[in-house]
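As written, the chains take the letters A, B, C, D and E, and residue 1 is the first residue of each chain.
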Amino acid sequence: MTLLKLSNLSVHYGAIQALRNISMEINQGEVVSLIGANGSGKTTTLRTISGLVRKSSGDILYENKDISRKPASDIVKMGLSHVPEGRRIFPRMSVYENLEVGAITRKDKEGVQKDFKRSFELFPRLLERKHQMAGTLSGGEQQMLAIARGLLSRPRLLLLDEPSMGLAPLIVEEIFTILRDINETGTTILLVEQNANLALNFSDRAYILKNGIIDLQGNSKDLLHNEEVRKAYLGA
Amino acid sequence: GCGAKESVGDGDTVKLGLNYELSGNVSTYGTSLVNGIEFAVKEINEKGGVLGKQIELVKVDNKSSGEEAANVSSRLATRDKVVAILGPATSGNTKSALPPAEENKVPLISASATADDVTLDANGNVRQYVFKTCFSDSFQGVTMANFAAKELGLLKTAILRDNTSDYSQGLTDAYKGTYGSLGGEIVAEEAYQAKDTDFKTLLTNIKASEPDVLFVPGYYEEVGLIIKQARELGMDMPVLGADGFDSPKLLEIAGADNLNGTYYSNHYSSGDTSEDVVAFKTSFNKEFGADPDAFNALGYDMAYMVADALERAGEVDREKLKEALEATENFEGITGTLSIDDFHNPVKAVTILEVKDGVPTYLMKQQP
Amino acid sequence: MKELISRNNIIKIMMVLAVYLLVYLMMNAGIIDSYIFLNIVSIGINIILAVSLNLITGFTGQLSLGHAAFMSIGAYASGILTAKLGLPFIVGILGAALAAALAGVLIGVPTLRLKGDYLAIATLGFGEIIRIIGLNWKYIGGAMGLNDIPRYTNWTWLFGIIVLTVVVISNFLSSYNGRAVISIKEDEIASTSMGVNTNYYKVLVFTIGALFAGIAGALYANYFYFIKPDSFGFMKSVDILVIVVLGGLGSIRGSILSAIALSLVSLSLQGIPELRMVIYAVILFIMMVYKPQRILEPIRKLVRKEA
Amino acid sequence: MEQIIQQLINGVSLGSIYALIALGYTMVYGIINLINFAHGDVLMIGAYIGFALTGIFGFSFFPALITSMLACGILGMVIEKVAYKPLRGASRISNLITAIAVSLFLQYGMMYFVGPESRTYKEVLPSSQISVMGTGAVIDIKSFYIIGITVMLMIILMYITNRTKIGKSMRALSQDKDAAELMGINVNKTISYTFFIGSALAGAAGVLIGVYYSTLNPLMGATPGLKAFVSAVIGGIGIIPGAVFGGFFLGLIETLVSSIGGSLYKDAVAFLILILVLLIKPTGLMGYKEQEKV
Amino acid sequence: MALLNVTKLTKNFGGVKAVTDVDLEVEENTITGIIGPNGAGKTTFFNLLTGIYKPSSGDIIYHINGDVTSRMLRPQKMTKYGIARTFQNIRLFKEMTVTDNVLLGYHCNLSYGVFPSVLRLPSYFREEKKAMEKAHELLKIFHLYDKRDEKAKNLSYGDQRKVEIARAMAADPKILLLDEPAAGMNPNETKELTKLIKWVQEEFQLTIILIEHDMSLVMKLCDKIFVFDYGHLIAEGDPESIQCNEQVLKAYLGGDYVAEAK
C-alpha cells in the first residue's frame, strides 16, 4: 500500500526553484532513502512533506489524503514525524522537557511513560543528561535527543534528515540498528543521508536528487552497484 | 511662492492660525484651549465675524514638540498667511514657536505660556510680536506666598512640584523667593513627574517634615490625586495652588471632602455669578457636556480679545493688529478685565478661591 | 581598489558642490523661503542623526533606543558655549562633538556585554537618565529650558556637516574597520575568533555615532533658539530609529532618502491633528510589513543611476 | 518609625502594581521575544472597559474585572493577528517599531473617541485606611486586593507555563518555531493563547490601577508600562516569579530613593539600577546564566 | 619540536566534567586528529585551546614566537598569536560576501588606523590592496573564486565549510584548528577536502589539529591521533595503532567501521 505519494511537486524559495516536478512513492513498511549532493533539494523535500515549506505546484498524498495545505502541526497528528536537519532541539529546556514536548500530542499517558523508558534505554547518554539544558549538550548528544524526541510521537512515517551527521561511528551504527528495529515494528522511514554508502545499505529503495530533479531511482542494492552513483556519491 | 506677496487681508475670511499641542504628552491642555477658542470663534462668526468677515481657523498640530512648534509657526506665517498665531499651550513650545513669528512679523499670542521670559528676550527687551494673556508664573507664585504668610499666617510650607513642567518650576521659584522674605520657611521640597499617579512616598516624606501648608504648583490631574492621597495619609493641612487647579476634574478626582482647605489663585471664579460668566458656563456646557476649565476659558477670552483688537485695527493687517493688541485696555473677558502692558504681558487681577464642599468660592481679589 | 582621484570621485564631488550651490542660489533668490529652509534644517539634522545611528544599529547591530540623548548632550553643550559663554559657533560644535563622544564612551563601555533587547533597554534607560538630569540642572534651565541661543546654523554649516558625516562614516565602513563592525553584527563569536577586538569596535561606533549626533544637536540648538530636555526624549530616539529602519539597516543612502520621506509624511499630517498619530501608526505598520527597503528600492535605484 | 513603616507600605503597594503589569509583559516577551510596547496601552483599554462597566452599566468589581480581562484578552489576540503576525520572522527592530506603532495607535485611537482628558472611576472597592498597629502609618485596603490578585495570577501563570501542555508548547515555540511545529504544536493557536493570557493580565492590571488611583486617561499606560518592563528585565525577562520580584524590587527602590530625598532622580535611579543589574547579571536577577555553546 | 603542550587540563561545567586531566603534545608541521564519542569533550578542548573557555585547572602552552600560556589566551588574541579555528556548527558571516568573509580573516594583519581609513590616506589603499590580493589567492586555492561575490548564506553546506577554512587561513596561522570539517559532506566531497587539507598543510607549513568523526579522512590525514572518552584521553598513537586499540574499538569505532576504514 502506498503511504506517501508525491506527484509533480515543485517548490520555490522566492525566485529560486529548489524542486522541479519531482514524484516519489513510499509504501507502507519500507525504508526509502533520498540522497544527493549539497543543495540538491533533499531537505526541501522533507520540509515540504511535513508542511514547513509550501509547494508551488503538485500534490502530496499521505494515506490518500491531500496534506499539502495542512499546517505542520496537523500533519504530525496524522502520524508523520520529521527529525529536522541541524537537530533543532529546544536549547533552554532540559533533555527531559524536550522529550515531553515530543510527546505533546499524545493522550495515552501510560504509553508515553513506556516510550520514555524506551528512549532512555536506546540512548543511555540522554538518561545521564536528563536534567541538563539541551543547548549545552555536545553535538552528538543533541542529535540523539532529536531522534528520540521525533520517535516519541509514535509516527507511522518517520522522516530523518541526516541523522548521522556529527555522530561517532559507533553511535551511527547503534542508531541505525535502532532505526532497523523501529522499521521492523511497522514504522515506514524516509531517510535523507549524505553518507550514501550507509543509506543505500540500509534502505530498500532510493531516489537520487540532482539540482531539484529526481535523477535516478530504484532498488538500493542496484544503485549501490551503479557506476554513475559510485562515482558521484560513494567516492569510489 | 515668491514674487508678488499677497497680503493677509486679501481673502474673504480672516485667518487665525492655531499652533497647538493636539497630540503628544500635553495634548490635554492644547485640546482644552482649542475647544475654548473654537467655541468663541463660532459665537463671533454667528454674530457676523470681525470687520465684516468670518474668522477662519487654521488648526495645526505641533505634537507637543518644540521643533514642530517652530515648524508650524513658520508654516502658518508663510504658507497660510494668517493674521495672527494663537498658541502654543506650554511656555517651552511657545518659546520654540516664537522666532518664526518674530521673523515674519506676525503677532503670536499665547493664553497659557506663563513663563516670565516668553515675552522678553535675554536682554530684557520686549519681543515685538509676542503677547500673552495669562498671568506670569512669578505673579501667581508671589500672590500665593503672600496669601500663605500674611492671610493664613502659616510659615512652614512644603512644596510638591512637577519636575517636568516649566510652569511648576516658575511658580515654585517665585513662591520661594517671596515666602522667604516674609519670614516663611520651606520645610520640604519634593518633585514628581507629569503623569505620575503614586505620590504617597513623597507625601510621607512631606508629612514627616510637619508643614503647616502644602503648596502644589501643578495641574489638576496630578493635583487631584495628590490631595486625595495626602488626605488618605492623614495630612489635613491647607493645600495651596494656582490656576492649574481650575477644572471640574479636580473635584471628580479628589472628592469634595478632601478638597476642603484648598486655596488657589485663578483668573476668575467659576462660582462667579456675574451674568457673562454664567452665560458662558451654560452655553459651554451645552456644547461640550462638561463645565469649562481654566484652559477653556483662557482660550475663549483670547479669541475674543484678538477679535476685539482686529476691530480696533480697522483692517486685517499684522502690523495694525500688533499695534491694536499693544493698545488693549480694560478688555472685559470671562477671566477678568485685562490690559496689555509695555512688556506685552496682561495686567489683570488675580482671584483667590477657597474650595468649600467641592465648590470653589470667591475669597479675595488681588490687584497686580 | 579605487584611488582617491578617480573619475567616480570627481563626479561625486561635482554633484555635491552642485547641490550646495543650487540651494544657495535658490535661497538668495528667495525661492527657498524661511519656511522651506526650516524644513531643510530639520531634514538635514535628521539625516545626520539617522546616518550616525545607522552606524551603531544598522551596521554594527547594536540596537540603541537612546540616540536622542547624544543629540541632547550636544545641543546643551553648544547652547552653553554659544549662549551662556558667548563663544563662536565652531567652539560650540567642537564642544558638542566632544561632550557627546565622551557620553558615547561612557555608555559604550559598560553596555558592551549587553546584546539585543537588553542593550536597547539599557540605552533607553540612559536616554531617560540624561533627560532627568537635564530637568534637574538649574544652570541649564531645568524644565524651563535654555533660551535665546544665537542662531548660527546656516546652509553652509548644515550642508558641510551633512557631507562630513556621510563621508567619514562611509569611509570608515568601507575599510577593514567596516568589515569588522559588520562581522560583529553577523556573528560575534566568530568575529572575536578571527581577531576582531569586538569591545573596541563597539565602543568606537558608539563614540563616532554619538559624536555626530552631538553635532546634530548643536545645529539644532543654534537654529531653533530654544531647547528643553523633553525635546530629546524617547520618542525622538524612536523617530530616528524609524528613519533608519525605513531607509534600510546598513544603507546610508537609504537613511538620507527616508529622512526626507518621513519629514514630508509628518508635514502632511500636521493639519489633521485628531487622527495624526493614528495615521502615523498605520503608516509605520505598513512600512514594516511591506519591507521598507522595498518601498524605497526603486527610488534608490534611480538615484544610483544618476550618480 | 512611622515614616519608615509607611514608606515600606508605599513601596510594596507601588511594587505590586508594577509586578502585576510586569507579569503580562514577561509572558509575551518570554514566548515571542517581542518587547510589546503596546502592553501598557492594552492596560489602558482595560481600564476604560472597567470604567464603562462600573460607571455606566453598574457592574460590581469582580464581574467588571473578569469581563475586562476577557475583552482585553480578545483584543490582544486581534492585535497579534493583525499587527504582529504579518511580521513573523522579520527582524527584531521591525517588530519593535511595529509594537510602538500599535502602542501609538491604541493611545491616539482611544483619544480620538474619548478625548485626551482624564476620567474618574466610581468607588467600587471599599476604600478605607487601616492604620498599622498604632504607628500612625496607614495602608489602603485596595492594596491588599492588588497584592492578593498579583500573587494569585503569578501562581496560576507559573502553573500554566511549567505544568500544562499549552505552557510547554509556548516555551518550545519560543525557542524554535519550526521544531515546535514539527512536534505537533500549532503555532498560530499557541501564540494567540499567549497574547490572550498576556493581554488579559494587562486588562486586570488596568481595572485595578483604575480603581486604585481612580483616574484614567488615554496615555496612562505608557509610564507604568515602561516601569513594568524595567521590572521584568530586572527580575529576568521571561521568568514569571522574576517579574513579580522585579516589580516589588523596583517599587521599593523607587520609594527608598524618594524617601531619602532623591525624588527628583527617582526615575533616573530606577534606570541606573536597571543598567547595573544588566551589567552584573545580564539575564536579570532571577534569570539563568546563559552561555552560548560553540 | 613540540608546538603545543597541554598538561593536566581540566574543565568542569557545574557537575559535568567535560575535560579531565588531559596531557598531550603536538609536534610542529603535523596533522593531529582528535576523535572520540559524542560528548567526549573534543569541542570543549578546542574551546579551551582558543580561550573561549577558561580551564578549571591545568595548563596550555604554545611555543610560538615565545611562549603563549593559558593565562594569555583570549578569543580575540588567538589570530595574533598565529592560531585560527573553524567551528563545529559553521559560523560564517552570513550576510557578507565570500570575499569579505575571507578578508575579515585577514583583519589582524591590517594595521592602518581609523584615521587613515576615514581620510583615505595612501596607507589605506596600499594595505587594502595587499589584503585583497591575499584573499583572492586563497579563494582560488579553495576553488571558491567564482563564488567570491555570493553572500555566504547562499552557498551549499560543503562550500560554506571551505569558506570557513579559507577565512581561518587568511589569518596566516601557524596552527589551524578544524572542528569536524567534513560534517555534512558526502564521501566524494570528503575525499576532495582530504586532499585539500593535505595540500594546504604542506604548502603553508601548517600545524593542523582536527576533530572528525569521518574515519576515512582521519585515517588518511593524521600523523597522530588522540582519543577522548568522557573527558579523558584514553589512547594516542598513529592511525594504525589506534585502529587496533581495543579500548578505542569498544568506546568509539565499533566493529564495522574498522573494516570500512581499511
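We adopt the following convention: contacts are C-beta pairs under 8 Å (C-beta built on N, C-alpha and C of every residue); 3 or more make two chains touch, one makes a residue touch a chain.
None of the values given here were measured: they were computed from a predicted structure.
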Farthest chain relative to subunit C (centres taken as mean CA coordinates): A
Selected pair, greater C-beta contact count between C-E and A-D: C-E
Centre-to-centre distance between subunit E and subunit C (centres being mean Cα positions), rounded to whole Å: 42
Inter-chain centre distance, subunit B versus subunit C - centres from mean C-alpha coordinates, in Å: 36
Subunit A and subunit E, separation of their C-alpha mean positions in angstrom: 30
For subunit B, residues contacting two or more additional chains: 23, 25, 163
Residues of subunit A whose C-beta touches two or more other chains: 136
Touching two or more other chains - residues of subunit D: 108, 264, 267, 294
Sites on subunit C touched by subunit E in the complex: 1, 3-4, 168, 171-172, 175-177, 179-180, 182-183, 186-187, 189-198, 204
Contact set on subunit B toward subunit D in their complex: 23, 25, 27-28, 31-32, 163, 190-193, 195-198, 200-202, 204-205, 207-208, 221, 224-225, 228, 232-234, 249, 252-253
Subunit A partner contacts - residues on subunit E that touch it in the complex: 13, 16, 35-40, 43, 88-89, 156-159, 180, 183-191, 213, 215-216, 251-257
Interface residues, subunit A side, partner subunit E - complex: 35, 37-39, 86, 125, 129, 132, 136-141, 143-144, 162, 165-171, 173-174, 194-197, 232-235
For the subunit D and subunit B complex, residues of the former touching the latter: 2-3, 6-7, 10-11, 13-14, 17, 108, 111, 115-120, 129, 136, 138, 140, 209, 213-215, 217, 219-220, 222-224, 254-255, 258-259, 261, 263-264, 267
